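The two complexes that follow have chain A in common; it is paired with chain B in the first and with chain C in the second.
What follows is the complex of A and B.
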């Protein structure tokens, strides 16, 4: 692919991923947040593919934009919050605090990136060069799978155990036929009002 | 190809937007989504580093991408657990407002 086309596609993907992630955190209705999050995940999948991580790009689409977001949408539909039951969002002080912390983190990260010797050495060429002939299979599913199952087999198994534990935990936590839920008594009601 | 710092700045920007979402929002659903956003931002950095690292090896190395795959697995487990906790909270207290869960602090 020619250089300027790649730059153009990357620019579009980066800009729309930033814009849609901004919309995710600012929309009041969680359904809009979820839909913009799907857009954001798809854009990031595109960035992965530009970086020769084709398999990961498809995984991103399948797992994130597919499975996880369907889970989110199911939960949103299940609890179906009406407009009046949506939480009151924080006021000006809270938002300013959050913006301040986010800016602080971003500036720290940017400071680290711009001062890192490793990054500047890696970036000396200006742009990431194309892969050498011997590494052309980088990111292809065969090469990726070969390395995953030869060099990193243990990690793979640990991940499978993690997901198994996650499934069992999720089923147990969300199970319906457990001891009756705690009813909100008058005392609790009062404490709730006082606490908030 | 675009340069590595551009990618890292993009990743840092998305990460900070996620931090804003986690801190400023009171809707648990949106807070969980912001967490996913932050994980994804880290994934971008990992894949970028892995892509640059592949240049210096002879046969192409995938450590960065395998890291990313593991982050993906963690994100899937986190989403499942987080959403089931959210369902539990909704069933017990009929709220998805983080501020109303102050009583969890005892």
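What follows is the complex of A and C.
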């Protein structure tokens, strides 16, 4: 792809992801927030694909935009918010606090990224370095799997244990509120049969 | 297909392929609707539509004209933007997913190196149309339909994805054309090379999950008319309703096409050699093979719809989470085990 086209597409994707994430926090109705969050995830996935990380881009779409957001949407729809039933928005103090926290996180991230060793070496070289050997010979997914299961195996396993703990916790919470099964006596059964 | 050198020609050929394949899929929809109505009538010992045109063949055209001239109602109290977005969100992903399916020998609209993952991703997007459409209609039945759709599709997506991963593990690739080539072996016994025989459990899970993902009977709980009037599309009329309707049929075609590609050898047949440099005749033949397999599967879809009664919602979720997901995990474990132990095929071939 020629340079200017790539820049143009990046510009569109970046601008719309920033715009849609702004809309996520400013919409009053959570359904719209969810909708724009999906748009934002899709735009970021597009940026991944533009950087030749096709697999990562599709994973972003599949996991975040396609699965997690469906769950969010499910919860929002269960509550079924309509414009007249939404709570009052926070006042000036709360908004200022929220903006302050957002700016703090943004400046921390910007500081961290601009001072990271990887970024500064990349910026000095001026080009993206060649893909690792595995990617060249096997393709992006194989390279991804190789990195994940060779270099970061421990992190991967710890993450899966964390998810398992989360699942067990969710099941436990769901079981706690379940009413105890009613024991049917002989009389009850007789009554049931008679009723039918 | 389009190595002409000039980028403009590449773009032209890409657009041409896209237009031709999309138009072809759109033409299949009315044919499928007619096919389904006649077949349903035959199964139920009725006659079915036979008045418009020869043997009723123009009935779909009449239906479309009727739908197009219906009043396009927007009920009061709906959320206008999301209400309009709903039908488009059902229809677009279903037809977008068709871009990577090889309808003939190496013939597809776009060739990604992650074809299967693209399909799974796009498939997971189709739930938004039902969910948003159901919510925006401001109707309790629609909302319940949308809720059911999102819970059902996200549950069965897990089983669907896991059964596809088992295939990817044996194929060691995510390229759909390579998966088809691996399912080819000469002679009648070459049929056993098809993934439906190599991975019967995965094929079964995929088939059932595909019914749930496309909201077809026996799993069409999102629109079951006995409980929810029309489910998520209760408040939709005219062409908006038609888009929901067409989206369902396109999703059905896409799922069947994926099933043909993954489990039934795609555009190949064991008795037909795969040439290294295909001519026009070879490509035409491969499209024919693909289409015949597709028609058989679509017949199966319709057959099941008019034969089995609808599941209850708790039964649907129960078998989804308690039967199909454990089974697909088991299948994944077995596939991994056989891969580690070096059994290339679950069913040993005689040669």
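Note that the second predicted complex is superposed on the first by the 125 of 196 C-alpha atoms of A that agree within 3 Å, B and C clash if a C-alpha of one lies under 4 Å from a C-alpha of the other, contacts with A are read in each partner's own complex, and residues count from 1 in each chain.
In this text, a contact is a pair of C-beta atoms (placed from the backbone, for glycine too) under 8 Å apart; a residue touches a chain by one contact, two chains touch by 3 or more.
Fair warning: this is a prediction, and the values are worked out from it, not measured in the lab.
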{"item": "Partner chain(s) touched by A:78 [first = chain B, second = chain C, both, neither]", "value": "both"}
{"item": "First (chain B), second (chain C), both or neither touched by A:141", "value": "second"}
{"item": "Partner chain(s) touched by A:66 [first = chain B, second = chain C, both, neither]", "value": "second"}
{"item": "Partner chain(s) touched by A:114 [first = chain B, second = chain C, both, neither]", "value": "first"}
{"item": "Partner chain(s) touched by A:98 [first = chain B, second = chain C, both, neither]", "value": "first"}
{"item": "First, second, both or neither for A:25, with chain B first and chain C second", "value": "first"}
{"item": "First, second, both or neither for A:54, with chain B first and chain C second", "value": "second"}
{"item": "First, second, both or neither for A:153, with chain B first and chain C second", "value": "neither"}
{"item": "Which of chain B and chain C A:12 touches, first, second, both or neither", "value": "neither"}
{"item": "Partner, of chain C and chain B, that touches more residues belonging to chain A", "value": "B"}
{"item": "Chain A positions touched by chain B in one structure and by chain C in the second", "value": "55, 59, 67, 71, 78, 139"}
{"item": "Touch list for chain C against partner chain A, complex", "value": "79, 82, 85, 112-114, 117-118, 120-121, 124-125, 127-128, 131-132, 134-135, 138, 143, 146-147, 150-151, 153-154, 157, 174"}
{"item": "Contact footprint of chain A on chain B as seen in their complex", "value": "1-10, 12-21, 23-27, 29-30, 32-34, 36-37, 40, 43-44, 47-48, 50-52, 54-55, 57-63, 65-66, 68-70, 72-81, 83-88, 90-93, 95-100, 102-103"}
{"item": "Chain A to chain B touching residues, read off their complex", "value": "3, 6-7, 10, 14, 17-18, 21-22, 24-25, 27, 30, 33-34, 37, 40-41, 44, 47-48, 51-53, 55-56, 59-60, 63-64, 67-68, 71-72, 75-76, 78-79, 81, 85-90, 94-95, 97-99, 101-103, 105-106, 109-110, 113-114, 119, 122-123, 126-132, 134-139, 143-144, 147-148, 152, 155, 159, 162-163, 165-167, 169-171, 173-174, 181-182, 184, 188, 191-192, 195-196"}
{"item": "Sites on chain A touched by chain C in the complex", "value": "29, 31-32, 35, 38, 54-55, 58-59, 61-62, 65-67, 70-71, 73-74, 77-78, 80, 82, 139-141"}
